[in-house]
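Look at the two complexes coming up: chain A is in both, with chain B in one and chain C in the other.
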Partner chain A sequence: MNEVLLGEEGTPGHGAAVAGTADVVIRLENVVKKFGEYTAVESADFDIAEGEFFSMLGPSGCGKTTTLRMIAGFEQPTAGRILLDGVDVSKTPPHKRNVNTVFQNYALFPHMSVFDNVAFGLRNAKVPEADVTKRVTDLLEIVRLPEYAKRRPNQLSGGQQQRIALARALVNLPKALLLDEPLGALDLKLRQAMQLELKRIQREVGITFIFVTHDQEEALTMSDRIAVMTQGRTDQIGTPTQIYHQPTTAFVAGFIGTANLLPVTVRSHEGTTVTVDSRTGSQFRVPSGGRSHQPGSEVTLMIRPERLVPSFAPVDGVAGGSIPTTVTSLVFQGPVVRCEVQTDVGSALVAHLGPEDDPGRLSVGSRVDMTWAYEGAYLVPEAIDPEAAGITQSN
Partner chain B sequence: MVMSEGVAPPYLSRELEQPGKTRKGSTSSQRAGSRWGRRILTAFACLVYLYLFLPLINIIVFTFNDPAGRYNISWDGFTINNWLDPFKDQELTNAFIRSLEVAVLSISIALIMGSLVAIALARYRFTGSRGIEIFLVLPLTTPEIVLGASLYQLFLGRKVVFGFSTVVIAHVMFCVSFVALTVKARVRGFDWTLEDAAMDLGASPWRSFRKITFPLILPGIVAAALLSFALSLDDYIVTDFTKGEFTTFPIQVNNAFRVSFPPQVNVLATIVLIVSVLLLVLTSVRSEKGVTR
Partner chain C sequence: MAADTSSDDRGLRKGKWAPYGLLSPGILWLVLFFLVPVMILVRTALSSKASRFANPEFSWQFSNFTSAFTDYGPQFARSFLFAGIATVSAILIGYPLAYWIATQGGRWKNLLIGLVVVPFFTSYLIRTIAWTSLLKDDGVILNVIHAIPFVPQDFRLLATPAGVIGGLTYNFLSFMILPIYVSLEKIDFRLTEAAADLYGTPWQAFKKVVLPLSMPGVFAGSLLVFIPAAGDYLNNRYLGSPKTSMIGTVVQDKFLVQFDYPVAAALSLVLMAIITTMVLIYSKFLGTEGLAV
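== the complex of A and B ==
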């Protein structure tokens, strides 16, 4: 993969472009989609690079599937342009676009054998039958189901149907493969296996994958880059690391993994350090994250649960801050103890405590100061409703 | 349940107990009784079937009759000559062929129109789609005599020449409803993302209809064709109003009965019966295969 894509430089939300080094396969230029009064996609504006595994992540109704359907050609944008290989395809019907889709329910043709399903696209393109046989056989090999060619789709399990749907789309060597929540119908074990399988197949064929999901873990596991969407907006585009560690909005911070979010006010900004005031009157020193913060502005302090430790445990590096709290629950979860605490202004926080944090010393009701290292905190450049402060997580 | 929890007034609880007692008392005799009951039920079912099929059996049996006079009514001796020469009665045969022509033509038209209506109704919601659905049922519920009379009036008022074409128009009219309703039942369960998938894989809208949609709704269309074939072939009332000098098989049979009663009527009727039963068996076997595969 291209270093640019995996670089540490945070992409500043909208208009995030893949810097010129990689070939752009798909470009969305201010794409808007309205259904009557309802705006499904407010403004999708990004590039997808050749060979990239790109995910659109967000809760249901965020516009991710509509965006995918516009790329496929099933919907036409109300405004803006979609470019495929530099050519405007905004008005091109789906059967004339060189992209293929793996549908949520697979949409395999029930009256055709697995072989004929996979061969369908090639036969539409009038590929000679000898080549059809070879390419279909190759693809069934890649998805590891060569012995199922003569079966009917409903004689296959969900996971197998999934692979056939994948083979049927990939056999046409599309410019991009569009996947609409393809793992949604599978059970957890199979889903995790298929995640790795998808990643392997993508590396093997080298085709751009555009993956739509509401499952943040899935997106983090597989993607080179993720676009986090909500209510028709693209909140942030970045690598999984960027999105997890440097969210640009409170929504992204809460949707990706679990986060403790606290409303704070900027007091001063010197060098790379910002000093903020919390609601309880304490002051914390937080890294600026490469942004400049105006004194007096309302921002959000984010601390991931694995960064929060009780004051009696050792802190890695320089201490960043400390909050007096009361323990409200302790749940043993194997590798970590999930410890929920309440601050004196009533916000709930959660800490994942490892054995080195000595969680045995805590009990429900006991008072403890929760602390974090200087690097363990991050400022989200967006105010948060004090009501919504505390633990936020997607599911 | 609620009443038996002690709070129910005495008259209610007594009432509740009563059926329980009788049930208890009858359980021993019920087994013996049920054996008899089952026998009676079987006998009764046989009688019902006999009632349903006696006319058919009668028709088939009398194809082998060798009638003494012109009326094939009483049993006069066994022969297979009627089967060896089923088309002996020229007029009857001609009418039979005309009936087939009417049926084939009107069904072809009705299948195309009805299937398109069904697909449109199942696939799209548009203004007036509810109204169309109600109008579709009307020809099925309207008495045939009303349909026939109104068509007669309509054609007469327009000075249309009665004959083959008016009969076909009339048959198309009532067949369209049957086709549309039968095909709609099949199309309703159709997964339209399959069409999306086909187009996504490079098939033009027409090709995806031909390769995907059509084969999948074909069983519905075949069922509709069989149903309308039966309807068209034996229609009497509407045909009688619209036929003019033209005659179809049912009309000819009725006409012939006034002067003679040839056994060929039975033979041709039996042929129609056998063909329709065969088609029925064939389609049900096919659709069962479709379910299991």
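== the complex of A and C ==
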């Protein structure tokens, strides 16, 4: 049914496809946005591909929503260009752009029925009423609320309103669907269910989704690619795996999941292995991660908590290094024990210990050497402030 | 257990009477100062007077009501026509103003709304009398109008329907602006973004989203302007002429000049009945009940 919906109807109103750039739906070319003196977006420069689930992830004030609003047309870039299907739309008003938005608080029209809400875009695009009825009915089925067509939005629950907002945008078969923290207002259980639901709907309709969120877990769960943003800059764009395992900046390392970050100095780089000096004077051997590192450069050693184990526990693979520490806290969290330790220079580290690590042998105040496997460590090619060393996490 | 239920009962009984307790001052007030006077008015309307200075005697005098229609039809018609035009004018002037303040006012919003009520600092009577000197034949406004070519020399505003309607519009304009402003102010303007996002031009966004959502304000404003305007006599007295007399003028004249209380009471009741009917029909048409969000 959905193939039929997409195959026969075409797009409403505008948006003739441009040959030659079929793969790239949206291209941002050095887009800058300033509000007076304040730079909200420093330079957004990336492509979003057809059918992709693309997330912009970052803390509040990082410029992700402003970027989304520029793609939608609510804000105009101060500099740079936005191309939709190869056509420069930087100055095009929102009602002439073939992209649709799911707003943070849904922004459903309170004086209209669910049906009229969903039909709003099609009617403005002068789609014949018979087609409107068919497409709205199909979409309400896709979001699994066909029996609610006659209700008013305020008679629906938050999750249902969310689906209607989604249907209202998707029914227009936009070139890209823009979602501005659409799950923010839902409680945890519903949010997790909606994450899977969104992914299912995206696969079903095959439309490009551009998703804005501050929740890294949400971005990791749903996205094909993620752009991690902070302070108006795009720090890294990559798949969830790349972002998690190979962060290019200390910010990304700390924002995605929990990371132990230690400032280190490159001593030598041979083949695929880099030898680094830590502040405590010990040396570690770390995979180069495909980069070349200049001896003497300041970089950051990242070890995820699940890769850090006490020396008495077996290390998976070749040992990469070890640090003498003192245990400062042990918290049982079900599948893992969260073990916080302090190095002799005062940096706090955290390890997630599974049953195989035998956490029962540890107690607060006990001395333990924390070790990691060679592949468990990663070099972030950026120096960090020694003050900021230790555990870094987003929430 | 038994003790528990009895205390529950007491709680229930207290809760049951609380709404009536809260309502009683209002009910008492309405009974004393609305219901009783209306009943006196009905009684007076059905009375007759032996002579001009005699007390009205209750006598089922229904002719008072029939004379309201037969003798004062034109005045009734004029009242509703003038009040209707004044209401529409107040919407046309007040809506854009309220819209501008609500959307563009920014941090000046409260000051601007304050300015809207500034005319109330002067009494209604004084303001209306002030208009006579504005509209008079050799006044500021007419001097300007007569300077325009092709305006006939006998063109005037004072003692014309235009003068009365102008006065009504001016005097009740704030009652239109305030409720419209309140309803516009409540609208989440992200809804207009959503409308634009869904291919709505700015005009379509206004027509399909903002206007319907502000209708409760237009409705309230219309009642607040139309009802007092329909019964008004001051504007006609100072800005009109006997040719533009409205039903309020007649009632005032009957009560205070001719002491014909029965006919005056009948006229007042008929006015009340007609306005109530019109308001009911109007609210049916506007159907604003689904808008409560």
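To be clear about the criterion, the second predicted complex is superposed on the first by the 373 of 395 C-alpha atoms of A that agree within 3 Å, B and C clash if a C-alpha of one lies under 4 Å from a C-alpha of the other, contacts with A are read in each partner's own complex, and residues count from 1 in each chain.
Quick note on the criterion: a residue touches a chain if its C-beta (ideal position, glycine included) is under 8 Å from a C-beta of that chain, and two chains touch if they have at least 3 such contacts.
It should be emphasised that the depicted structure is a prediction, and the values quoted were computed from it without experimental measurement.
Chemist: Which partner does A:F74 reach: the first (chain B), the second (chain C), both, or neither?
Modeler: both
Chemist: What is the contact status of A:G121 with respect to chain B (first) and chain C (second): first, second, both, or neither?
Modeler: A:G121 sits against chain B and chain C alike.
Chemist: Determine, under the contact definition given at the top, whether A:T249 touches first (chain B), second (chain C), both, or neither.
Modeler: neither
Chemist: So in the superposed three-chain picture, is A:N100 touching just chain B, just chain C, both, or none of them (first/second/both/neither)?
Modeler: both
Chemist: If you lay the two complexes on top of each other, which residues of chain A touch chain B in one and chain C in the other?
Modeler: 72-74, 93-96, 99-101, 103, 105, 107-111, 120-121, 124-125, 152, 154, 168-169, 172
Chemist: Would you tell me which residues of chain B are touching chain A in their complex?
Modeler: Touching chain A: residues 191, 193-194, 196-205, 207-208, 211-212, 215-216, 293 of chain B.
Chemist: Using the touch rule from the top, collect the residues of chain C that touch chain A in their complex.
Modeler: Spelled out, the residues of chain C in touch with chain A are 188, 190-191, 193-202, 204, 208-209, 212-213, 290-291, 293.
Chemist: With touch defined as at the start, can you tell me which chain A residues reach chain B in the complex?
Modeler: Against chain B, the touching part of chain A is residues 72-74, 93-96, 99-101, 103, 105, 107-111, 120-121, 124-125, 152, 154-155, 168-169, 172.
Chemist: Under the touch definition given earlier, write down the residues of chain A that touch chain C in their complex.
Modeler: 12-13, 72-74, 93-96, 99-101, 103, 105, 107-111, 120-121, 124-125, 152, 154, 168-169, 172
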